[in-house]
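Shared between the two complexes below is chain A, which pairs with chain B and chain C, respectively.
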Partner chain A sequence: MTMSKIVRTAAGWLFPFILVFGFYIVMHGHLTPGGGFQGGAVIATGFVLLIVAGSYGDISRRITKASLSGGETLGLLLFIVTAITGLALGGTFFANWLADGGLIFGNPVLFGANPGDLNTAGVIPIMNLAVGVEVLGALSVIVLYMLSGIAEEGA
Partner chain B sequence: MIPAFILQHAPALLLCVPMLGAFATPLLGRLGAGIRNAWALLAMLATLCVAGILTSEVLANGTLIYTFGAAAPSFAVPLDSGGIPIRIIFAVDAMGAFMALSASIVGTAVLLYSIASQKKNSGQDGYYGLLLLLTVGILGMVCTGDLFNFFVFLEINSLAGAALVAYRVDKGVAVEAGLKYAVLSTLGGLLVLFAIALLYGQYDALNIAMIASRMQFTLLDKVALVMLLVALAMKAGSVPMHFWTPDAYSMAPSAITAFLVVASQASLYGVFRVVFSLYGLALDCLTVGWIIIILGVLSMFVGVTMAIPQKDVKRLMAYHAVSQTGYMLLGVGVALAVLGNQDLLAAYGNIAMQGGIFHIINHAMYKGLLFLTAGAIFYRTGTRNLNRLGGLGHSMKWTMIFFIIGALAIAGIPPFNGFASKLMIYESVFLFNPLLSIIAMVVSILTLASFVKVFHSIFMGPALPEYAEVREAPLPMLIGMGILALMVILFGVFPQQVVDILVAPAAAALTDQGGYIASVLGGA
Partner chain C sequence: MIDIIHGIVLAGLLVSALYIVRCRDLLSAAISFGIFSFLLSLEFYILQAPDVAIAEAGIGAGLTTAIYIVAIRGTTRWEEVSG
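Take a look at the complex of A and B:
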C-alpha cells in the first residue's frame, strides 16, 4: 500500500530538511536545548515519515535493519572510546580532554551574555553526536521491526 | 606487581571493561560466533580480575573514591564548588567491593555456561551484549556514591534484565513475563526517582555522603524513605512485592535466572545502603529495623510455603529465592534495630549483620548453581515439569552431584556455605527475639523437605524410556556449575576466613556512616 504521489513527493522533499534540523539539534546540544537523544529522535521521525509515505517493502530494501543497528553500535562505541581516551591521556574516565585545547571544540567558553560559540565544550558535542547516532539507529530499527509485522493490504 | 594505573582507576575500569565489551559485542558478532563468544568471555574475565584487584585494594587501604571527569580520581570536592561534590563519584567501600566481587564471580560462571546453553539459539549478539550490560548495571549500583547515578544504573539493570527475561520467545509466555518485569521495574524506578527528587529539593545535593551529612529526617525524608524501601524491596523480590519473581525467574533462560538473582541482590544492597549510609542514625532505628525484620520473616515463610506445592522446578526455585532473601533482610534488620546501642550491637547485632551479608554471597553461589542445574536438565530433557521428570541420576551424574551440593547448601546443612551464614543468623537473632530464630529454622527445614522432593522426582527412580537419549550436560555448562559448586564448598569449609576477610569489613563499612561520609567529603 502506498500513499498518493503528492504525499510521497512531499515526504521526499521534507526528509533532507528533517535530517538537517535533527543534526542541528544534536550538534547544538551544548549551547541550546536539545542534545543527542532529542536530535536522534527527530531524525528517526524522518525515517518514520518515509515509511508512512512509501511502503514498508521499498524502505526496508533501501535502509536495512543491519545498517541501522550497525549505526547504533558505532554510536555506542564512539561514546565509550571518547570516555576511555580521557583515561588513556592520563586523566580520569570521562575526563574532558578536548576542552580549552585549541583543537576541535577547543575554544574557551566566554563569560557573560554572548551568542554562543559552537566550537566549545570539548568532548560534550562528540558525546552528543555519539548519542544522536545511537538513538537514530535504535529508534528507526524499532519502528522497522514494529512495521515488519504488518501484512500488505490485499496481498 | 599490579600497575599503579589499574589500582588507581580500578572503580572506573570495573564499569569501563564490561561496557566496552557490551558495546563491541554486536560488531564482533558479524565476524563470527566464536570470536564474539571469546570476546564476551574475555570481557567478563577481565571484569572479574578488576573486581578482585578492587576488593583487595579496598580491604587493604579503605574506601576508594573515584571522581569521574576530574583531573585526578581523588578530587571529589572541587575547590571552587563551596564544599559540594558536584561530579559523579564512585565510593567503593568494603560492602560495595564485596557485592561487586560476588556479582562478577557469578557473572563469569553464567557466561561460561551460556556459551554451551545458548549455542542453538538465534540473536546471541543481543544476548551477550545485554548480559554484559546487566553486569554494568549491577556493578554500577553497588559502586556508586551518587543517588541519581544509582537510579541510572538501576534502570540499566531493569531494562537489560527485562529484555533478557523475554529473550527466549516461548509462545509469548516469556514476553509476558518480561513485560511484567519491565512494567514493575519502571514503576519502582519512578518511585526511586521521585524519592531522589524529594531529597535533592531539600538538600541541594545528589551525593549520598553529602545528603547523609545534611540529613534532618523531616516528613519529606520519611516519605522518600518509604518510596525507596518499597521500590528496592520490590526489586529485591521481598514479600509482599515478590509476585514478579516466579514469572521472571522461571521464564528467563536459566543462565539469566542465575544472574537475575544477583541483580535482585543489587537492589537489596540498595535497601541496606539507604537505611545505613543515607539515613543512618537519623532513623528511628527500632521501627525501621522491625519493618525490615517483618518483611524478612514474611518473605521467608510465604516464599517457602509457596514453593512446596510447585510442579515447575524453576518456579519452585524462584519461590525459594524469595524465601532466602528473607534471611538477609532478617539478619540485617536485627542489626538495624539495635544500631544506636553499642552494647547490643557488639553482643549480637554485628553477628546478625555479618550473617545477613554472608548469606548474600552464599545465596548468589548456591542459588545460581541450582538454577544452572535446572537449566542443564531443561537443556537435555526439554521440560521443567517435576511430574514428567525422573531417573536422570543414571545419565546426568555430574549435574546430580552439583544439584545435591546446591540443595544441601540452601537447606543449611554442613559443610556447605548456607549452613555457615544461617548458623550466624540463628544464633544472633535468638538473642534478639527467640521466636524469629525459630521461624528461620522451621523455614530451613521446609526448604530441605522441598528439595528432597525435587531431588527425588528428578534424579531417583528407574531410567525412564523417554529420556533414554539424555546425556550429561556439555562441558562448558559443567565448568560453569563447577565454579559455583567449588565456591559453595570452599565457603562452607572455611567460613571463618571468609567472614574475617570479606564479610566483617563489609558489615563494619555499612554500620560506620561517619566513616563513609568522611571518606567522600574528606575529614568533615
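Take a look at the complex of A and C:
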C-alpha cells in the first residue's frame, strides 16, 4: 500500500514547519511550557510523517537507522557530559556551572514581570537540547524499524 | 463561553471513541484515534496543563496514529466479520 502523491507532497511541505516548531519548543523549554521531551516528540512527528507517507525504499535513502540512533547516542552523551562537567569543576553532579557566568546562556534572570530572556538558565537549555535530540532519534527509529520489518515481508 | 467549548470537546471525545470501537474500516478507526487524541490534548489545554497537552498532541495524535497506520500497511484494511 503506497500513499497518493497528494499525501507525499503535503508531507514534504509540512516537514520543515514541524521541524522549526519542534526546535522552538525545545529551545524555549526553560521559559514556556514544553521542553526537551515535548519538542523532541514534535520533531519525531515530522520524521514519522515522512516515514509513513513514503515507501521504505524512498525513506531509507534520505533517513537512515544509523543516523537516527547516532543522534540518540549523541544526545545522551551531551547530557551526561554536561552533568559530569559540573562535578569536574568542583560543584555537584548536575551543578549549573553556566548560570550567571556571562558565557552562553549566562545572563542573570530579570526580576518582576518580563517577557523572558532566552539567554538565561545556564546548562538547562543545553540539557533540553540534548534530551530533544535523544527523544527525536529514539521515537523516529521505532517507526523506521517497524516499516523496515513490513518491507522485508513484501507487503 | 469556555463551558460550551468544554462540552463540545467532551461530546467529541465520546463520539470519536465510539467510532473507534464500532468502525470496521481500520484506517478510519486509526484516523479517528488521532482525532480522539487531538481532542484530549485540547481538553488538557482547557484544564490548564499546556505541558501535558503538547506531549499528548505529539505522542498521541502524531506518533501513535503513525504506528497504527504502519501496522495496517502490514495487514488488511478491513476488519473480518466474526460470527
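Heads up, the rule we're going with is that the second predicted complex is superposed on the first by the 149 of 155 C-alpha atoms of A that agree within 3 Å, B and C clash if a C-alpha of one lies under 4 Å from a C-alpha of the other, contacts with A are read in each partner's own complex, and residues count from 1 in each chain.
The criterion applied here is as follows: contacts are C-beta pairs under 8 Å (C-beta built on N, C-alpha and C of every residue); 3 or more make two chains touch, one makes a residue touch a chain.
The model shown is predicted, which means the values in this text are computed figures rather than measured ones.
**Student:** Classify the contacts of A:V52 with the two partner chains as first (chain B alone), second (chain C alone), both, or neither.
**Tutor:** After superposition on chain A, A:V52 lies in contact with chain C alone.
**Student:** Scan A:L76 for contacts with chain B and chain C and give back first, second, both or neither.
**Tutor:** Only chain B is touched by A:L76; chain C is not.
**Student:** One more residue to check, A:G86. First (chain B), second (chain C), both or neither?
**Tutor:** first
**Student:** Between chain B (first) and chain C (second), which, if any, makes contact with A:N96: first, second, both or neither?
**Tutor:** first
**Student:** Kindly classify A:V7 by the partners it touches after superposition: chain B alone (first), chain C alone (second), both, or neither?
**Tutor:** The answer is neither, since A:V7 touches no partner chain.
**Student:** Look at A:V143 in the shared chain and tell me whether it touches chain B only, chain C only, both, or neither; answer first, second, both or neither.
**Tutor:** second
**Student:** May I ask you to decide whether A:L19 touches chain B, chain C, both, or neither, giving the answer as first, second, both or neither?
**Tutor:** A:L19 sits against neither chain B nor chain C.
**Student:** More residues of chain A are touched by which partner: chain B or chain C?
**Tutor:** C
**Student:** Pick out the shared contact residues on chain A: the ones touching chain B in one complex and chain C in the other.
**Tutor:** Shared contact residues on chain A: none.
**Student:** Could you pull out which chain C residues touch chain A in their complex?
**Tutor:** The contact residues of chain C facing chain A are 50-51, 53-55, 57-59, 62-63, 66-67, 69-75, 77.
**Student:** Show which residues of chain A lie in contact with chain B when the two form their complex.
**Tutor:** Chain A residues touching chain B: 69-70, 72-74, 76-77, 79-80, 83-84, 86-87, 91-96.
**Student:** Can you list the chain B residues touching chain A in their complex?
**Tutor:** 9, 12-13, 15-16, 19-20, 23-24, 26-27, 66-73
**Student:** Going by the contact rule at the top, pick out the chain A residues touching chain C in the complex.
**Tutor:** 1, 25, 33-35, 37-38, 41-42, 44-45, 48-49, 51-52, 139, 142-143, 146-147, 149-150, 153, 155
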